[in-house]
């Protein structure tokens, strides 16, 4: 037991780097009405709702100039960086498009027709009744990446300007209020030197800025720090790795599993499970999720997924099939007590997963993103009306009020302790969780603590020896998986990953196993017990795990990273 | 069936690609003729008879002195009319590709390119070409005559069968627009060896070379083979070799006749940049390296021993 | 509602004002302005699953698309000529309606107009038919300089420029790694297997550029925003004077008969070095006549 804690080796990064005054002269800045960072379900719902409101109120649109609504997206196009299971509660998207479109006309894989939950051991699958929060009747199966493209089309049709391949690098502040975002530079070489086609970033100013960055949001993290918005508990994450397979035999129900290959003992801190969802008649989406508080140096979410596929249950589902996509992304898991104390600051609102709005026991977050995006739009709109000044302190409090009055808040509060219960191990945690379900959150009568993921002391069990060797048919290595994500990031650019370059061996190894994209490798030993960390940033699929476990992900050059299409 | 083979000449000699096509055309049956275009090329044209042509059409004109495509389209139009050929085969080159496409437009004829084989299927000419990075083979055909085909370079080797060909002179007239482009100068690149995109032989180095100094193994072997040196993303990232030599998904795509991979694991990011190579030889000390899945000759061993020995032996061969 | 203090609101109209001042300057200086047309193509994204559509045996283009890589070099070269001489850059393409998204990237880089010939009748056109339709569309544009990108990532459009140049009856230079426009003529450094040929040709001319010619610029944020409002025309074949029987299956002279996986690599050889590996390699290469 090494006892090394990632938290003791913090990365060379300060949130202050990501927030500051505009640096462009006023002539060089680009002014827009409302600026949204992130073309995911939250950001696009905000853009769509704003489009609806501005169409009904042209006098307000007049005030916002030539570009009333702009959405920055760091991926190649909306959807490129979106990845989820996903089974979506349709409530929020129906509300967003009420009177204009039915969910049947949206790109989905249909409503859930049946579900099964299994407790796995290495050789068996014990069917258990779905715990009530996991019951999915009335929910719809979607590919979040496809949904993102669909929402983007509608946002543009409603007048929003989407700016792909554009990273939000710095939050702009003037007189204590957020006035926009500086975009990232393009065309720098490995050592930061400007190349022949160097294109500097630009200060984009706006009346209201909405951060919808999703998990491990770069600007969101800086904003929460700067404005002192930390919640009661630190935020924590899980890492999910998923694949899409083309299969000859259709799957007709959604499947969730718990147990194997994760271990139940509390000291390993392994919480998670899998999902297997049909995508129409010819494809399935499957993934493995594990909380990042785990302790084992050799735990690898990617390899857990490969191991999971060797189970009898999965071999049957995937027989005769072939993998057509792969991806990885973290999931924000802290729940209610990790939410920021307020989700707005002068000139700023936080929506969706980057605000922490994810219901972990229900595995749902897409509809919270959409609903919070919609509410943020309404708050922004109200703040632009006569008699109000959008940047005034408190002008956007109406967003927090609306969110607290909504079902989003109520549902999150109900399950506020459920995830933390599993810190106690599978059985005790399960018992606590059941208690919460039965009493709708009234029990237990105390609030459970959460520790940051990076605070877990590392231990070794030789876990890696059980991962299957990649055979290229059922199980795959990381590099070919990175290729399958569509990642072809330009190599000759500065590294976007901040980590200590010399760390104890266990820490470097933990990062090596943790990262699904094989970004980190153990380098040369330095003779004093530490090793160099070798980083290959162009492999990175920007899942965010490094930010949870001792490093700091920042956005690379716009357009870098995976090019998801069906995840 | 009659076939005309476009024979390119360079510095007084017919190039190998065209001569190899003569043999292939002969194997398909019917009359086989060559066509040589240029200025002062009659002597070179006569040598085509030894490689399978029964006749050689020649257009010898000052307008064809420079290696430019458009006057050749005019000249070929005249030769096609005179010869009545049904098939026109071109060995791929920078010049031939432009000539073939221009001629296709001129004659309203079908052109299939990048072919690696030709065969007859029930009397019909069928071409075969790889697609999607050489992962699929496509069979292509023509719906009218003449049928124009561009064959991937190096596909067919010349076969000296002996014999002689009738040399037939053809007069051609040139369109005004065809002779507007003029050769003003010729520059030879001052480089030590071919660039990796053009090289017939590439020796590529990966992390198995051990250090930047390890690239000397690759360079010396490449020099002995008259080839170019390439590198994987990993070693370029590490600063061992310049980015201009990087082969792979985020570097260059190459398809040399011979690709020798020293100390390269063969991850797919690298593979997609070189999988079209004719022959792949891999040297790696890890028997489980993925490169062995697709190398034609896989050598498990220490490249620091094997590469210098190989270089020595090749130099001795001269 | 006051604008954010200190920030002058840069209106997009300001961008247009700049270019008309530029026009006036050129007219005054009698600098010849060059009208450039760039032929571009949308190809499927270079993600793993580029597929051939089993029903048509042609490339499955149903996925998202992006501009063919060397076409971006061609757009960049056109913009450089425009930067140096003033003029107009129009991007022209033949494809389905959604190809307009990719043309917008060229507009975001700085091209002035986009023309997309989109017509179901053109589906299944081979090189010959495509070159005919493109040539007609280009005649309509009456450009001084027509640019192509030399290589197509899906290898469907290789050597298109030579066919187009013949139909337009214009001088053509391909494999250009360096281009200079001087007055009413151009000079191109053409890369061949034997070194570089320097070719000169009078305008109007057709030029195909290689990816060695330049490093394309990133579209600026203003460029991306302004692209939306630049003229984008979708025209049918009849609009450009293309007869139905000159395109599609009837206008094509080649066919795709079938697809097959390549034969498995036969004769893979594996050896373990026992000290004689180098000799064995030489033997192997000699047998294959590679040395």
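Quick notes on this one:
In this document, chain identifiers A, B and C correspond to the written order of the chains, with residue numbering beginning at 1 in each.
Here is the rule we use: contacts are C-beta pairs under 8 Å (C-beta built on N, C-alpha and C of every residue); 3 or more make two chains touch, one makes a residue touch a chain.
These numbers were taken from a predicted model, which means no experiment stands behind them.
Measuring from the average of all protein CA coordinates, the nearest chain centre is that of C.
Of the two chain pairs examined here, B-C and A-B, the one linked by more C-beta pairs in contact is B-C. In terms of their C-alpha centroids, the spacing between subunit A and subunit C amounts to 37 Å.
In terms of their C-alpha centroids, the spacing between subunit B and subunit C amounts to 23 Å. Between the Cα centres of subunit A and subunit B there is a gap of 49 Å. For subunit B, no residue reaches two or more other chains under the stated contact definition.
Taken residue by residue, subunit A touches two or more other chains at 483, 488, whereas all remaining positions touch fewer.
Partner subunit B is touched in their complex by these residues of subunit C: 50-52, 57, 59, 126-128, 131-132, 154-155, 158-167, 169-175, 187, 189-202, 205, 252-263, 265, 267-273, 277-282, 284-285, 288-291. By the touch criterion stated above, subunit A contacts subunit C in their complex at residues 22, 26-27, 29-31, 63, 65-67, 70, 77, 149, 161, 163, 166, 174, 179-180, 183, 186-187, 195-197, 199, 202, 204-207, 324, 384, 386, 391, 483-484, 486, 488, 563, 565. Remark: subunit A residues 190, 477, 479-480, 482-483, 488-492, 536, 538 touch subunit B in the complex. Against subunit A, the residues of subunit B that register as touching in their complex are 233-234, 236-237, 243, 246, 249-251, 267-269, 272, 290. Contact residues of subunit B toward subunit C in the complex are 10, 66-70, 73, 93-95, 97-106, 108-114, 126, 130-144, 150, 157, 175, 177-178, 180-189, 198, 201, 225, 257-258, 278-279, 281, 283, 287, 292, 294-302, 305-306, 309-310, 312-314, 317.
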